[in-house]
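Each of the two complexes below includes chain A, the first together with chain B, the second together with chain C.
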Partner chain A sequence: MKQRADFIVYWGGNPAECHPRHFTKYTIMQKSKFLPRGRKDRTMVLVDIRETKSVKAADIFLQVRPGKDFELITILRALVKGQYVADEAIAETGLTRETLDDLVHRMKTCKFGCFFFGMGLSMTRGKHMNSAALLTLAAEMNAFTKFVAMPMRGHGNVTGADVIMRWQTGFPFGISFNRGYPRYNPGEFSTVDLLVRGDCDAAFIIGADPGATMPQPAIDHLKRIPTIVLDPHITHTSKLARVHITTAPQGIAAPGTAYRMDELPMPLKPALKSPYPTDEEVVRRINEAIAQKPFWLPEGSQPQLLTTIG
Partner chain B sequence: MAGKRFILNASRSSVQGTLINKGKESEEYLALTNTMTMLAADMVEIGLAEGQLALVRTEFGEASFKCQAGKVPAGMIFVPYGPPTCKLMGGDTDGTGMPTSKGWEVDVVPL
Partner chain C sequence: MSLQIIENATCTFCGCVCDDINLHHDDLRIHKAERACVLGTAWFLNHTAEKKYPVALVDGRETSLDEAIEVAAGILHEADMPLVYGLSNTTCEAQKECAALADQLGGILDSHTSL
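Right, the complex of A and B next:
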């Protein structure tokens, strides 16, 4: 994308505020062998429900009506294929036929297109269906030109968590190990659902602050159960936890690997020393302590998880 | 004055990201996460003055926010994610693992 993307769409995201280096390092501002004039060789479209700071960087701003992203994507899929779309359906999205015809023309005639989509698409009504629709549109655009899609991730190194879980279990999140092998079922084994239903009786949280972001019923359950937090800072979660172990901040005082949004692993070298242990060291010591404990199932039971830790 | 239904969107900003380094208990961070932005005309319609507190209520909970006028679409409210928005969020994830964190229908009552 940095080298070739001449048509870039940010959908339901505000990179000027939430990913402030994205424009300059990876997309519209970059000059390359294939796009030597940089910004002048690229077209940027922003799709959002309101004018954010990212609008200033956009060539075209499409203000979609709230909750109508899926409808808009579906209309674009139809227009791309030359199918009939009723005026009323287009009007529902808050946009005009001329605007969408122009967008489709630009999408078809670009050399390399890219959709970047944010939480404005993936966490509003429709959720994963919205994301799936946009991914489908990107796939279908490849009948005309090169097109890709990529999510704009939220928290630091959340891509790393997904990548590691994927190559270790085959699934990115929402995984249960309680049968001794990984099972994947978002809505059943995902963190929010487990906490809201009260299914878990302990929580171990590393470098996250669900106490400031999750729904109140989930936070209330974290307060009820023994919650252990590893975090460099005092957070809303650390304040409700039974145990808070202060750890060295990753990338500043602790080494490791962070994954960029395009899943490229980046080694982190600590610039400072910290009196606190790293997350890795704390987890290793907890694992060693657990390994010393006698196995808790009756004799003859199949030990499943505890045998290979450490 | 009677409450009116609005669409509330929780969002993030660069200011919020910067303030995390100062601490989530800092006065600035708390002020930011307790402030909601809405259209000036909407504020007038429900009798809200700049800087006035308003109670925001969903079917799951309620929280109070300080109001400020901003350039947002009519009928919509924007507020940074934080403990107050957690109180408004329902626990159902629709089988996706992620709660709906934008586009809630809310009642707004001036305090």
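Right, the complex of A and C next:
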């Protein structure tokens, strides 16, 4: 991307304010062997519902009507394939046919295109269907040129969480172990849905503050059940929790590894010595304490692997 | 007092995880984060090695780490369907421990990704 991407689309994100060094370090501002003039050799498109500070950096800004991202992506997929699209359908997205034709032309003629999509796409109406549509569009673009898509990850090591869960369980998030083996079903095992339905009867929160970010019914359920929080600060969630344990902040006082959003692991170089234990140590000790207790099956024993005899 | 410098430190505030930050620090705090952006600078300078908060709280009461771990283990063990959630602002090593925790409990494991 840094070396070759000459067509960069930011969709539903505001990198100028949320990922300030993304432009300079990884994308549009970089000069490379293949793009020697740097910014001049690259085209940047921004798709968002309103004008943010990132607009200034963009060559083309497409202001899509709120909640119409999925429609826009579907229209683009049709236009890319040369299929018929009705005028009313385009009008609904708040854009014109000329703009979209131009965009499709640029997408097809670039050498290496990239979609970066943010929460403006993946967390608004349509949610994961929007992300899926954009990923499909990127895949389909490969019939014409090289095209990739990548989510703009927010908090530090959320990419690492995906990677670690995939490695340990085979699934990236929304996993249930309640049959003794991992099952994946977002919507059923994803936190907000789980809390809003009131399914879980205890919560262990680490490196997150759902008390500040989740919808009220979910927070209400967190208040009802015993909640345990591990965080470097007393957070909104700590205030409604039964147990709060202060831990050392990662990368400042806690060593370890963090994944960059392109899934590159980075070693952390802590500068300070914290008076608090690290997350890793606390969770390991809780694990050890639980291992002392009987297993959760009624018999209190670990399930045995069934082997066929003979 | 002269400051110690850590070269090419990693910033974990946002998903960019910039790994070229030079940190000027003493024992207590980081004074300067070279090459970090506005968000990164705030992140590094606002965390100190001071003991600002109690080690652990149980029902709002200050307590020792050992007791808090014991209470937490008890709560999680008693629960029928415990949820392990978050995992963003922490290291991969801790995340692995969390996966083991959810597995051992027969609970739910979920991250910010699903939000």
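Heads up, the rule we're going with is that the second predicted complex is superposed on the first by the 293 of 310 C-alpha atoms of A that agree within 3 Å, B and C clash if a C-alpha of one lies under 4 Å from a C-alpha of the other, contacts with A are read in each partner's own complex, and residues count from 1 in each chain.
Everything below uses one rule, namely that a contact is a pair of C-beta atoms (placed from the backbone, for glycine too) under 8 Å apart; a residue touches a chain by one contact, two chains touch by 3 or more.
These numbers were taken from a predicted model, which means no experiment stands behind them.
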- Message: Which partner chains sit in contact with A:49 here, chain B, chain C, both or neither? Use first/second/both/neither.
- Response: first
- Is A:234 in contact with chain B, with chain C, with both, or with neither (first, second, both, neither)? both
- Task: For A:202, select first, second, both or neither according to whether it touches chain B, chain C, the two together, or no partner.
- Result: second
- Using the superposition described at the top, determine whether chain B or chain C touches more residues of chain A. C
- Message: Contact-wise, after the overlay, does A:66 reach chain B, chain C, both or neither (first, second, both, neither)?
- Response: first
- Item | Which superposed partner A:21 touches (first chain B, second chain C, both, neither) | second
- Message: A:257 in the overlay: touching chain B, chain C, both, or neither? Say first, second, both or neither.
- Response: second
- Task: Considering only the touch criterion stated at the top, classify A:273 as touching first (chain B), second (chain C), both, or neither.
- Result: second
- Is A:163 touching the first partner chain B, the second partner chain C, both, or neither of them? second
- With the two structures laid over each other on chain A, which partner does A:192 touch: chain B (first), chain C (second), both, or neither? both
- Touching both chain C and chain B, counted on chain A across the two superposed complexes: 18, 20, 123, 154, 173-174, 186, 190-192, 195, 213-214, 233-234
- Over in the complex, which chain C residues touch chain A? Could you list them? 4, 6, 8-19, 23, 25, 27-30, 37-40, 43-44, 47-51, 53-59, 65, 68-73, 75-115
- Message: Which stretch or stretches of chain A touch chain B in the complex?
- Response: 14, 16-18, 20, 49-51, 63, 66-67, 119-120, 122-125, 127-128, 154, 173-174, 186-187, 190-193, 195-196, 209, 211-219, 233-236
- Residue positions on chain A within touch of chain C in the complex are 18-22, 25-26, 123, 152-165, 168-169, 172-180, 182, 186, 189-192, 194-195, 199-208, 210, 213-214, 225-226, 228, 230-234, 238, 242-246, 249-261, 264-269, 271-280, 282-287, 289-291, 293, 296
- Which residues of chain B touch chain A in their complex? 7, 9, 11-14, 17, 23-25, 60-61, 71-73, 76, 78, 81-83, 86-87, 89-103
